[in-house]
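Following this message is one structure expressed as structure tokens.
By written order: A, B, C and D. Residues from 1 in each chain.
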Amino acid sequence: MMNSQDLITACGNDWAAYTQHEFICQLGNGTLPTKAYLDYLQQDYLFLLHYARAYALQIYKSTSLAQMQEALPSLRGLIEQEIAHHLAYCRAQGLTQQQIEQLREAPGTIAYTRFVLDTGMAADRLALMVAQAPCGLGYGEIGQALHEQSTSGDHPYQDWLDIYCGATFQQDVRQSKVLLDSYLSDVPLHSERGQSLCRIFHTATRMEAAFWQQSLDAAKQLTQLPPSTYPRPDNKPQESA
Amino acid sequence: MMNSQDLITACGNDWAAYTQHEFICQLGNGTLPTKAYLDYLQQDYLFLLHYARAYALQIYKSTSLAQMQEALPSLRGLIEQEIAHHLAYCRAQGLTQQQIEQLREAPGTIAYTRFVLDTGMAADRLALMVAQAPCGLGYGEIGQALHEQSTSGDHPYQDWLDIYCGATFQQDVRQSKVLLDSYLSDVPLHSERGQSLCRIFHTATRMEAAFWQQSLDAAKQLTQLPPSTYPRPDNKPQESA
Amino acid sequence: MMNSQDLITACGNDWAAYTQHEFICQLGNGTLPTKAYLDYLQQDYLFLLHYARAYALQIYKSTSLAQMQEALPSLRGLIEQEIAHHLAYCRAQGLTQQQIEQLREAPGTIAYTRFVLDTGMAADRLALMVAQAPCGLGYGEIGQALHEQSTSGDHPYQDWLDIYCGATFQQDVRQSKVLLDSYLSDVPLHSERGQSLCRIFHTATRMEAAFWQQSLDAAKQLTQLPPSTYPRPDNKPQESA
Amino acid sequence: MMNSQDLITACGNDWAAYTQHEFICQLGNGTLPTKAYLDYLQQDYLFLLHYARAYALQIYKSTSLAQMQEALPSLRGLIEQEIAHHLAYCRAQGLTQQQIEQLREAPGTIAYTRFVLDTGMAADRLALMVAQAPCGLGYGEIGQALHEQSTSGDHPYQDWLDIYCGATFQQDVRQSKVLLDSYLSDVPLHSERGQSLCRIFHTATRMEAAFWQQSLDAAKQLTQLPPSTYPRPDNKPQESA
């Protein structure tokens, strides 16, 4: 029988390539360019819309009231709080409502979110939970690792650190891990199904790393462009996902 | 461009066959056999589990935060209140937790719920809303028609009347109708899509009527069976949907 | 680890209630009313359209070329041959193209087909195969049981018997069974997943029996109606099992 | 009412950024590095598996036999011919069966394929067709533009040119375009739905361009790595467009 640590182990070096990614190192020590951070925030706003859809899919895939009750708090939290928070942050950075609605979803954002949703639709509810798991487990681990930096009191990304290093988030992660482990305990690690779950978790983990990389790359490209094209040169026609 | 009345009109006589079904007439004048009512309550409990899944599917199919916010209150209401209410009622009627978990979903319950879910998956979000609509619009109309009976103060099904004739439910129905009409106003009635929506609404309406009929039939069958086999003779192996 | 016989065993008496249903007994000994048979053929035509969708869903849910190749022949057979055959038969019975297109799907047809499709979407590919399995396994068993009747040479439903008692169909059923058993051999019977597959197979089996019953009931109702209402009034929903 | 040209127009410069991408220019004049071509072929093999799933989804989403018959030939062509062709080509380049099975899907491949599948699931059958359309329409346009180069008789990518510049493929594209236009003719361009279809087509087009770019980037990275790491280090995600 398997647990969430088996999923992480199956990723080999790709787990550290995600949780200790250059983007995170720079965010933690405060050297991350503002442009990279803002690109990340915008893409993460689009990401969260689809992540909420994934929790709705968990409820669609539930076979009991208890399973519905498991997924509802996360769905509510995303719709009622987190997405609104990202919107507020983007506005505080000077983005107008129109600019936010015309944000273009970048390939790395689409890759991760749609992988989760399509995997969840094509396979079963547990596979969906596994595809979502690198997000919670990884952010939990990152939050713990950055805990020391978060207490300096004078950090350019204090808001972000407060959320993910904070007790509430860390407690949510622990609960999600217990729940995931209880489902995984019904699956033999070396069965077809167990190996399939490992592959799903591994691919989702690679997509998480690609999501960090995307915002580092976007910042590099932006620095080579005339400032008037901000937030992004290809933002002329319309796109709202 | 079309509205919800066009959907009702397209049902012809089948709309009245649903909203003025013999089951409803007997429920309204208090002559409905207790056995029919209890069969209905049990099947309706199973129905609501899948109806909640349909609202989750609306959220999965949303393309904006606003659309998610539209569907979330109904999803919450079902998971946090209505399903629990049905469970409580069934228990008050003497059903044990084990009997409830072993309830068998009858063909009419499966027909209506899975038609909604499959239609919603195969077509788009508006088609899903239309497949769900006979439930809200029909119960709203029934609640209004039974309003007089509901005030006698001495009715065997007072609980049911209080809910569906009540101001809160009637207000919810009106809001849902306004929302549905705003989506339908983008669709020409005589387009392929408009006609397809009419067919979906019509089939869902027929399934609603079949759902009433099912409980009348179940009560007839039960009266011909030895009392010890209650609630149902074929309840021996396991089934929990 | 489990196999297809475990699924059948889990149905208890409901397996025989399907495979030895009154409809099948009358079909086998030639006493089935023509009206019941024609109602069945029409509903089975609608059934097959959705059954083809279920094989398409198997391909959508495939994770390898080999899995796609497993499901493609059944999908092709349905689209290119069986559905066309039912259409031809209905036409030979005097139904016009317009009457066929306006056929109303009855609750029992919707219940079985949409249960398969929704289960297949909400759970995984194996659950979809299991939901479809009562059809193949049951018709295979029925075909064997009716083999003697099929050779009399003077049977009102010789066409039907030729197909399902025939060597080609029986060979297809054996192959499907081998394939299903190979997938099931990865699943412990008493795991959560194994028990869930048993419940799915059981419910699908009950819906098969309700599908037979539906055509017996329709024939009874038709004999009490003026001939002009043919093929079916259908605004009075009928549902029994 | 709208047609496929409206979809292309709504892409603005992004249509040319896809159909006249640097990858295509180099492929056409024969200067494309072999490593870029081989990376593309491998990722395109993975792409086609999911593209076949999209045609299966079209069949799942069909509401008539005619719609099923529309999508079946493309599904068969992919499963029975094109995917096998890519496999044969990869083997001819020295890849073992094991290497092919362990190929890692890159973010750009996942982004495009899962965007198509998730859009197709969340919206309706026409939206799915629109999400798939940049592939057929774009390759058709590219095949026409490269027709002259294809007749030199001494081209490193003659196989590729033979397929996409060839009469059979060009005829298939024209038929698909006629079919798509017939569906689009039911949709007002400036309706909510029309604008939504434009956004879907635009995003899919951007993902096509990102797919070309991905193989150019992969070739650059490969040249900087020791040969033993072939086919790809892949723990450093690359993403650009």
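The working rule: a contact is a pair of C-beta atoms (placed from the backbone, for glycine too) under 8 Å apart; a residue touches a chain by one contact, two chains touch by 3 or more.
Because the structure is a prediction, the values reported are computed rather than measured.
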| item | value |
| --- | --- |
| Most distant chain from subunit D, judged by the mean position of its C-alpha atoms | B |
| Shared interface numbering between subunit D and subunit C [over half = same, under half = different] | same |
| Of A-B and B-C, pair with higher C-beta contact tally | B-C |
| Rounded Å distance, subunit B centre to subunit C centre (Cα mean) | 27 |
| Averaged-CA centre spacing for the pair subunit B and subunit A, given as whole angstrom | 37 |
| Numbers and ranges of subunit B residues touching at least 2 other chains | 53, 60, 63, 117, 121-122, 240-241 |
| Sites on subunit D touched by subunit C in the complex | 49, 52-53, 56-57, 59-60, 62, 64-65, 68-69, 72, 75-76, 79-80, 83, 117 |
| Contact set on subunit C toward subunit B in their complex | 10-12, 14, 53, 104-105, 107-108, 110-111, 114-115, 117-118, 121-122, 195, 199, 202-203, 206-207, 210, 234-241 |
| Subunit C-touching residues of subunit A, taken from the complex the two chains share | 60-61, 63, 121-125, 127, 186, 191-193, 196 |
